[in-house]
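Heads up, there are several structures right after this.
Both complexes below contain subunit A, partnered by subunit B and then by subunit C.
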Partner chain A sequence: MLKTKELIEKLCDIMSVTGYEYKAADELSALVSPYFDSFYEAVGGAYVGVKKCGRENAPRLMIDAHFDEIGMIVTDIHEGGYLSFSHMGGLDRRIMAASEVYIYGKEKIYGVICAKPPHLQQKGEFKKLQKLDEMLIDTGYSKEELEKIVSIGDGIGFYEKTASLLGNRICGRSMDNKCCAAAAILAAATVEREKMECDIYVTLSFREEESMAGGCVMASYDIKPDAAIVTDVTFARFPGVDDYESVKMGEGPAVSLSAATDRRLTNKIISLAEGAGIKLQRTVDATNTGTNASALCMCGDGIPTAVVSVPLSCMHTYNEIIDTSDIEAAAEVFKTVACSKEIFA
Partner chain B sequence: MNRKTEGIDLLRALCLEFGPSGCEDRVADLIKENIEGSYDELIEDRMGGVVALIRGNGKTDKKLMLNAHMDEVGFMVREIRDDGLICFSSMMGPDTRIMAGRKVTVGVPERLTRGVMAIKPVHTVDRGDRDKSAPIDEIYIDIGASSKEEAEKYVKIGDYGTFESDFVQFGENGRMLKAKALDDRLGCALMIETMRKIYANKDNLTYDVYFAFTCREELGMGGVKCTAHKVRPDYALVFEATAVADIHGVPEVSKVAVRGEGGAVSIMDRHTVYDKELTQLILDVSKEKDIPCQIKKYVSGGNDASHIQRSADGVKCAVISAPCGYIHTASDVVALSDYESMCELTLAVLERMNENA
Partner chain C sequence: MLNYLRELIKIQSVSGSEEKLALYIKGEMEKYFDECEIDPMGNLICHKAGEGKKLLFCAHMDEIGFIVTTVDDKGFVHFAPVGGIDFVAAAYSKVVFENGIRGIMVPEEGLKSDDFKAEKFIVDIGAKDKKQAERLVKTGDTFAVEPSYTRLRGSRICGRPIDDKIACAILMAAAREADKFENDITFVFSVQEEVGIRGSKVAAFRCRPDYGIAIDVTATGDGHGSKPMAVSLGGGAAIKIKDSSVICDGALVKKMEQVADEKSIKWQREVLTFGGTDTASIQMAAAGCKVGAISVPTRYIHTANETIDTNDAQACLELVVALAETKL
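For the complex of A and B:
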C-alpha cells in the first residue's frame, strides 16, 4: 500500500526548482510510473501520468498539480567561493539569512546563505531585510575549484528535509506543491479501474511559480481534457491572515468559488464529495484563484476547470506545513470524481 | 548506549544535543559520559556545570582552569494560544531574520518536541512592509497541534527551545563544518579531547588542571563566575567561537578573523583585557611549533573570560576562539582545520606551561 507521508517525502526529495523541472525526470519516473498505465514528459510543459478506464472514447479528466518549487539561480561567482543569486519564484526574504541550500551544478553541493554579524550592522539594521542581490552563498570552495562545478545559470534549491510534527502534520521544503502532486498520484494509484468513468491524466506541470500559466497549458493541448481539476495549496488559518482567505488545516481540502473557475463543475464536485462523506471547505477567490486554473480554463476550445486546494502554513518558506489527512481526503475527492457518471454529463 | 566518540563524531554529537542557556543538563550528561576515565575527580558545580580535575605531579601549587561553555542560543516559551501556536521570548537577540522558518526543538531535557518558527505567508504581507523582517511577536512556534489542549500535552510555559539543525561537512574536500551550537560545543569537544590526551600522560603534568564545562554564557550571566570562585585558578584558558566577517566584499580592516587561518587569540574585547604574558605565550608557541593561529583584529564581543578574570582575587586569562561564520544562528560555520589546529595548539601550550612551572 502506498503510504501518503512516504510518497510526499520522496516527492519533496526530488529537486524541481522552477525552470529546472527537467532534472527531475529520471527520479520522478522511477518513483511514480508504476502507478500509471503510461508516464511521459509533455515537451516543455509537464510530466503526465495516464490511467485509463479501458473503455473507448471515455471522457478525459485532467488533474493538474504543478511540480515546480521556489528556488534560486546562480548569477555570479566570487573570490572565496561565494555566489550571488536571483530568485526563481516568489522568495520570502524574511527567511533567507543563515538558511541552507543545495547548488545544482555538475554535482550537488551544499551552501549557507551568509548572515551579517551584529558588529557590522548599523543600529536597528536587523529590522530591515537585505535585497537579494546583496545576499551571498558561502560554499566553502575556492573560486577556482567552485568554477569547475558551478556555472552561472545553475539552479539552487533549499536544503531542508521533510520532518514530522504532531499527529498527521509534516513540514519541509516544496510541500507547495508536492503534497498536491501526491494527492493526484495517490488517487490514480488507488482508484479501481473497473469503477472509473473516465481516463485520468495527472499533469505534474512546470513553471507555475514563475508564470502561473506554466506547463499545464501546453500539456492540455495534447491531452484535450473534458474537465480539469487544478490542485494546489492554499493558506491555512494563521494569525494575521484573514479568515476569509484561509481554511483550517486538518479539516479537509477546499474548493475555490471563483469567477475564474467553472461553477457547474465545482458544484458537481461538492455534491459528489459530500455525498461520499468527504468534508470540503470553501475559499472565495472572486477574480483570481492564484493557481494554474485561470490559464487552463481558457485553453483550446475551453476546459471546464475547478480548483481543489489543500491548506498549508508558512507558504514559500523551507518549512511549509501540511496535514497528510487533507492530502488523503483530496485524493478521495479525485477518485470520487473519476468514478462518477454525472461529472461529464 | 555508548555515546563515547571522538573527532568529528564527538563534535557532531555535542552540537546536535539540546542545551539552551539555563537548560544544559543533556549536554552535561553527554560530556560526563565522554570524559569518563579521563580525570581524577569531579568537582561539584552549583551552577550546573561539569568540572573535572586532573591532578599535577606537585611541582607547582599553581592551578590552571580550562573553560568552554555548554549552552547555546535559544528561546523560551511565553504563551500557548487557543489555536495551539506558541509564543516565545528570544534568548538570542532580536534578529528574527535568522529565526523565521527554522525548525526548532522545544521542551525540557526529558520532554522534547519539534516545531517550526512559523510566519504568515509573504503573499499576505503588505507591499510596503516587504523590506521589513518579521516582527518577533508575529512569529509562532507550530508543533502541529490544532488546539491549546493538544499543545499543552507536549509544551509548557517556561519551556526552553533551540534550533534544530543538521551537522553538515561541506566545501572543498569537506573543509567546512556547519551546525547549530558550534559556539561553543567546539570548545567542549576540544577540552574533552585534551583531557583524554593529558590524562593518558599525566605524570608529566605539573599543574592541577581543572576542566570547566559551564552554563549560561550566551546570556552574559556567566555561570563560570561561581565555578572560578570555587576553583580559584591562577590561570585560565578559555576556548570559544568568535564572530568573523570574512565573506566576500568585506574590507580587510573589518574582517575580525579569517576561517581557515587558525584559532583567534584576543588581545582585548568589549569585556576583557587579556593577560599579556599568557597571550604572548600562546603566540610564541604557535610560532615555534608552526601551528597556525591569528590575532582577533577587532575589539568586539566578549565571553566568559570576563567573569573568570574578575573572580576571587583575579585570574590571568587568555582566549582562543574558533573563527565562526554566521554565529548565533542555526548555521554556525567553522573550518575543520581551525578546530584541529586549536586542539594541537592547546596541547603545545599546556606542555610549555608545564616546562615553565
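For the complex of A and C:
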C-alpha cells in the first residue's frame, strides 16, 4: 500500500475536471485496481471498486467519493493565442487572474490567465471583480498553431502540483475530492477480508461539482446498496469563519447531522467511531448536505445515507489544504463500519 | 380523527427525526392493515391487499422545525431552520427539544422584523453558561415551536403542527374502514416533505401504484389579506387541480369530483399558485403514475396557530374512504 500522502498526490495528478472524468480511466485503473477484487467504469458515470467479504448475499455498503474536480472549458479561440472559457463547477473569481492552467487538448499545454497590470487599470477597477467571460488565457501560441492542438469544448484545469506543508498538511489542486477518494480506497485496501461484514462498493463518481446528483445516482441503481456513506470535504476552521459553519483540521473527519442524512445510520457510525477511539467531529447541514448524499438517499426505494466529511481549507482554489491524519481517520471509520454487525442489523 | 390529531400533535417529528411518530402510527395501523413496514428512509408504508387498482394515499409525518448548530459562551443555542420557517411567527415563541427541554426563541435586541433570519436568533433555554447548556442540548438536536391544540368557535380549531398531522389523522381514521376497501390500498406516512418532498419519492418507487393521492394542507383565499384563491375554510375537501409543483391528472380529478358528488361529500376545487406537496414526487417516481391530491383548507400555515374547519377534514376523510371503495 502506498503511503496516504503519496496516494493522494497520485490521485490529484490524474486530471478529472467535471465532464472529463472519462479521461482518467487508464491512469486511475492502473493506480487503484490492485486494491480491489474488481474495478470497472459504470455506465452512468462512476468508477466502481468492489471488495467482497466472501459470503453469499452479504449486505452491500456503498462508499461514494466524487472524483470530478472543478475546472474550466474552452469556449473560444482568439487571435494571438488567447482562449475564452467558462466554468465547470463553482470557481472563485477572486483567484483567477494570473493563475496557471493546463489546457487538455490533443496534448496538454500550459497557459496563464491574463491580468491587467495595476498601472493600466482605470480608477477603481481593482475593486470590481472581473466576469468569467471577460477573462482570457494566454497560451503563447499563434491562433493557427493553437487550433491544431486545442478545440472548443476541451477541458482546462489549474496547475497540477501538490506540495507539503508542515506536519501532515498538504496542499494542491483537486484535494476536493481526491483526498476523500483516497480515504475510501485506503479503507478498502487495508480492511481485513475475514473481518468484513459486508461487501464494499467504492464509487468514484462523476459530475458532483456541476449537478450534485452525479454518477453516484446511476451507479446506485446497479449496486443497490443497503447503506451508503458519502465522503466529501467540508469547511475547515480558520480566522474569519464562524465556529458553527466549520470544523477543526487535524481533529478527525466530521459526520453530518441533517434532515437529508439517515439519523439511525449516523448515530451508529458515531457510536462505532467512539467505541473504536476514532476522533469524529460533527457538522450541521440543516436540510441539505451540499453533497451527493442529498440525491443518493432518494435513489430507488431509498438508501440509508450518511455523510463523513474531511476538513479542508481554501476550498475551490488551486491550493486546497488538508491534513492526511484526517484522511486516515476517515478510512478507519469506513473500516469500522464495514466490519460491524450493527450497521445492517 | 380528532383524537388521533391530538395524539399526533404531541409527538415531535421535525424532518429527519420522524421515527418516534412512525412507530406510534405503525402501532395503530397494524390493527387494520395487513402489512406495515418502515422503509430505509423512514417512511411508514401500510398495505391492505385488494382486487381493484393500486391506490397510494400519502400524508407526510414531518413538521417544520429547527436544528442546533452550536452553543455559545453565554449558553444560548444557535440553530438553522428545517423547512419553511416564518421568523416573524416564530419570534419569542416557546420551543421544545426532543428530550423535553424548553426554550424561548429570541431575535437580537432591536432587530427589525424585515431583517429576521436564523443567524440573528438564538434559543434561550435558561442555562447560565455554555457548560450547563451543552449538558442539555447537543449539536444536531432538533426542536420545534411548542405544540398546541385549541378549539375555536363552532367546528374550527387551531394549533400546530396541523400541517400535516391532520392528514395523518385522516388516513388513520380511514384505516378503520378498511373492511370496505375494494381497491389495493397503500397508505404512506412519508418523511422529509418539508425539506424537498423527499420521502414520498422512494415510497412511490417501491409501491409502483396506478394512482397516487397526497393528503396535505392548502392555503385559503378567505383570510385577512389573502391572495385571490377560490378555496375557503368550511368550503369542503379541496380537490387539487394544480400547485407550483404539479399538474394533477385530469381524468383522476374528474373521477374524484364525481365520487364526491355521488357520496354527497362537500368539495371545492383548488388551484394553488405557490407551494408544493408529495403529489409531485409521487407523479415522477419510477415510471410515473396518475396523481391527485386532497387538501385540507388551512389558514396561517407554518405558524403556531394553523387554523382549520374540522368539517373540511371530515369531508377529506370521507373522500379518501369513498375512493378506496370505488371501482376506478
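Everything below uses one rule, namely that the second predicted complex is superposed on the first by the 342 of 345 C-alpha atoms of A that agree within 3 Å, B and C clash if a C-alpha of one lies under 4 Å from a C-alpha of the other, contacts with A are read in each partner's own complex, and residues count from 1 in each chain.
Throughout what follows, contacts are C-beta pairs under 8 Å (C-beta built on N, C-alpha and C of every residue); 3 or more make two chains touch, one makes a residue touch a chain.
None of these values were measured; they are calculated from a predicted model.
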item	value
First (subunit B), second (subunit C), both or neither touched by A:43	neither
Which superposed partner A:100 touches (first subunit B, second subunit C, both, neither)	first
Greater residue coverage of subunit A in the superposed arrangement, subunit B or subunit C	B
Partner chain in contact with A:92 - subunit B first, subunit C second, else both or neither	first
First (subunit B), second (subunit C), both or neither touched by A:302	second
Touching partner for A:284 - first (subunit B), second (subunit C), both, neither	second
Which superposed partner A:263 touches (first subunit B, second subunit C, both, neither)	second
Which of subunit B and subunit C A:30 touches, first, second, both or neither	neither
Residues on subunit A lying within both footprints (that of subunit B and that of subunit C)	245
Residues of subunit C touching subunit A in the complex	14-17, 19, 39-43, 62, 66-70, 78, 80-83, 139-140, 192, 195-196, 198-199, 201-203, 205-206
Complex interface listing, subunit A residues touching subunit B	78-82, 90, 92-100, 109-112, 114-120, 126-129, 136, 138-142, 145, 160-161, 163-167, 169, 171, 235, 237-242, 245, 249-250, 290, 313-319, 321
Of all residues in subunit A, those that touch subunit C in their complex	226, 243-245, 257-264, 282, 284, 286-288, 297-304
Subunit B residues within the subunit A interface of the complex	81, 83, 85, 93-98, 100-103, 113-116, 118-124, 130-134, 138, 140, 142-146, 150, 154, 166, 168, 170-172, 175-176, 178, 243-250, 254, 256, 298, 300-301, 325-327, 329-331, 333
